[in-house]
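When the chains are written out, they are named A, B, C and D in that same order, and each has its own residue count from 1.
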Amino acid sequence: MKQYDALKQEAYEANMQLPKLGLVLFTFGNVSVADRSNKVFAIKPSGVPYENLNPKKMVIVDFDAKIIEGQLRPSSDTKTHAILYKYWEGINSIVHTHSTYATAWAQSQLDIPILGTTHADHTTSVIPCAPPMSDDMIKRDYETETGYQIINCFTERKLDPSETEMMLVGNHAPFTWGATSHKAVYNAAVLEEVAKMAYLTLQINSAAPSLKSTLINKHYERKHGPDSYYGQ
Amino acid sequence: MKQYDALKQEAYEANMQLPKLGLVLFTFGNVSVADRSNKVFAIKPSGVPYENLNPKKMVIVDFDAKIIEGQLRPSSDTKTHAILYKYWEGINSIVHTHSTYATAWAQSQLDIPILGTTHADHTTSVIPCAPPMSDDMIKRDYETETGYQIINCFTERKLDPSETEMMLVGNHAPFTWGATSHKAVYNAAVLEEVAKMAYLTLQINSAAPSLKSTLINKHYERKHGPDSYYGQ
Amino acid sequence: MKQYDALKQEAYEANMQLPKLGLVLFTFGNVSVADRSNKVFAIKPSGVPYENLNPKKMVIVDFDAKIIEGQLRPSSDTKTHAILYKYWEGINSIVHTHSTYATAWAQSQLDIPILGTTHADHTTSVIPCAPPMSDDMIKRDYETETGYQIINCFTERKLDPSETEMMLVGNHAPFTWGATSHKAVYNAAVLEEVAKMAYLTLQINSAAPSLKSTLINKHYERKHGPDSYYGQ
Amino acid sequence: MKQYDALKQEAYEANMQLPKLGLVLFTFGNVSVADRSNKVFAIKPSGVPYENLNPKKMVIVDFDAKIIEGQLRPSSDTKTHAILYKYWEGINSIVHTHSTYATAWAQSQLDIPILGTTHADHTTSVIPCAPPMSDDMIKRDYETETGYQIINCFTERKLDPSETEMMLVGNHAPFTWGATSHKAVYNAAVLEEVAKMAYLTLQINSAAPSLKSTLINKHYERKHGPDSYYGQ
């Protein structure tokens, strides 16, 4: 068995979850999975339909986005993934989709407010929407700069990427991540559902208040705190 | 056959209806079923994906939420179920989901108004939305207090839990129940549909009036009154 | 073969289309099919889940709603069907559902305006919404009076039930019909789609104008007029 | 093998994608595929349900809409297809649907604004909505005039049909096209998704600004420009 076969297999399986969960139309999404010991990640090849994917088609790339192994061109978003792995050491998998409701929030250029416990079960923060990128950034190395835009957004807002594992790039679409590929894909589906619920809530009551901090903390901590009691 | 095998089987089957009816994403929901003669109930284990469930994984708990039988930790919402069984003697099954439209109404902190016969076929009341819990309640025993919040809401509004078998906890999500697990799950699906219809109705006509009392009573009584003539 | 076996078979098959087309939750709908030579119709039994239906369970009823053949109680809406068959001689099948978007319009108590060719392909009129029934009518024979409410709505508006084969009962839900069971069920699905499109159109542009009469007539006549050229 | 068998097969397969992608209810759509060397195209027969289609039922028509081969009457929209093939030499396949969100925009008589990169990945322009046709046009040869309405819209707005491969006919529904049948069908699904996202975006934030030109050009060119780097 070759060195990266298991990594490619995991990346393949994670990518195949996106159409199954209804998060992508055609090829509008990609998942990568990192091998931190070798400082590389496996990512979906660019523009290949999900029904034609197999583990061998995954591309191995290092954290400078240099291709290490693979016959196909990697996702056009590869440099964004590379930057995030390079700067955020706690994450091991990244998901990018254009899922419908999360993308609508990104296009609206608004943070997704924290309106209920479904949201607070996953993060204590709003889902941040980074502003659209500056013309300078767009004209430089666009995908690399998209990575910096994401990181700058978290730095400026003092958010921790291991606590808030999802965000929106304004005018563009969502990115999620996690310590495992399972968690990163899970987060992509949760974000889409939270985005839909927030949309509906504000349609029903445009003055719906944010969740109060006691409830935010209670729900987050019962799932994630040192005294968590959710799960097995 | 062990004492609680049939109860576990019923709880398992009822839980498996939730993903089939589109009411849950991942593990966002749980069903319990009570055995009143033994003052216990069977409930889903916490955080276990539906595809990994089986009847043996159900947990048997008494009405003080003490584990009677089972290898796994029960749902983190177990104490809420226990309180409801303890105080509401007519109910034998409880369902909690984060279904999309019902949760959006809970997040909006508004009762679902009674706008049509689909609603009146199931209850003569609005679907009540309990206010978000006080900071004191949240900091005490959160899940037990959630049970009291539900009961207090019904007491204050003079609602009968055997007539109105569904409600929303503000900022959180819906709870439904019934005399049987079949009815409790049925109610969870009906609530989601009624929540969606009410949302759409008010988007189409924000001044849509409530159903008049003659029509409410007619529809409720043809299904539930002493002279009901619906069903076999 | 018994006298009404073919009629029961047709009614069974038409009823089974409702869940397949996504028009019903649980038992919220029914189809009947008439045999005009014998002045009877076959209709779904009341409250029986679709998965438990079979042709033998259909109930044969005459146009005064008297049961002619069948072991089960017929749909609680049977008298409404009977009145429509009695007064509208051109129709041979009736469908009643609580499909989501059409029911939301019924709850909003508004006609569905004619906003595009998808609507005009099926009727030149708005989809009329009859007002909620008077208290007197509700307290009399409710289901019979529902039939009269539908007929009165068409009479007052000078609509022809063989041209406009769909309508809404205010606060309640849609009824559709046709010369065949295939057409009546088809109309139920078309109404739901037209209701959804009209809802979305007015959300996008609350001032969207009605279709002009030249376009209404062109589309209706290319499908239904004496010089129609749609279909084979 | 007969001369047009391969063309009919391709048209059949492309038509069958429409229900699979959720773009049509019943028979509300059609795909044609051109053979430019023989100046003909294959198109779906009128009003035939998708489940009854087969390649032999496709109709071969020339660019003046004269039937060349086939037992069935071609789609009632055939003349619209013929006009587009005649005047727009770069296109080899045309799709017409009444897909829900795109049709709602057509009924609202508004262009779909360019609000995000999902849109800009496919065209740098708004999705144009041609005005409803004049009474004169409707009364003349309606389907031929629909073709001219589409072409006039592109001419007046100086749009290039090989760059913007989708549009709306006001009050009616969408048309898409492409260099291949695969691309034309792909565009129909993309349009529906972009229409849904734009609708949701403006519901969330009615003041959501259009995408800025640097981002429009970046996204379009990474997929379509001379230095494109998307796909294999």
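What we mean here is this: a contact is a pair of C-beta atoms (placed from the backbone, for glycine too) under 8 Å apart; a residue touches a chain by one contact, two chains touch by 3 or more.
These numbers were taken from a predicted model, which means no experiment stands behind them.
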Q: Identify the chains in contact with chain A as well as chain B, in label order.
A: none
Q.
If each hop has to land on a touching chain, what is the smallest number of hops from chain A to chain C?
A. 2
**Q.** Turn needed to bring chain A onto chain D - CA fit, degrees, nearest 5
**A.** 90
(Q) Counting residue numbers used by both copies over all numbers at the interface, does the chain B-chain C contact come out same (over half shared) or different (under half)? (A) different
Q.
Measuring centre to centre with CA averages, how many angstrom lie between chain C and chain D?
A. 33
(Q) I'd like to verify one number: the distance from the centre of chain B to the centre of chain D, where each centre is the average of its C-alpha atoms, in whole angstrom. (A) 46
Q.
Where in chain C do residues touch at least two different other chains?
A. 203
Q.
Quick check: in the complex, which residue numbers of chain D touch chain A?
A. 115-118, 186, 189-190, 193, 196-198, 200-201, 203-205, 208-209, 211-212, 214-215, 218, 222, 229-232
Q) In their shared complex, at which residues does chain D touch chain C? A) 25-26, 28, 45-48, 72-73, 76, 98, 100-101, 103-110, 132-133, 135, 138-139, 142, 171-173, 199, 202-203
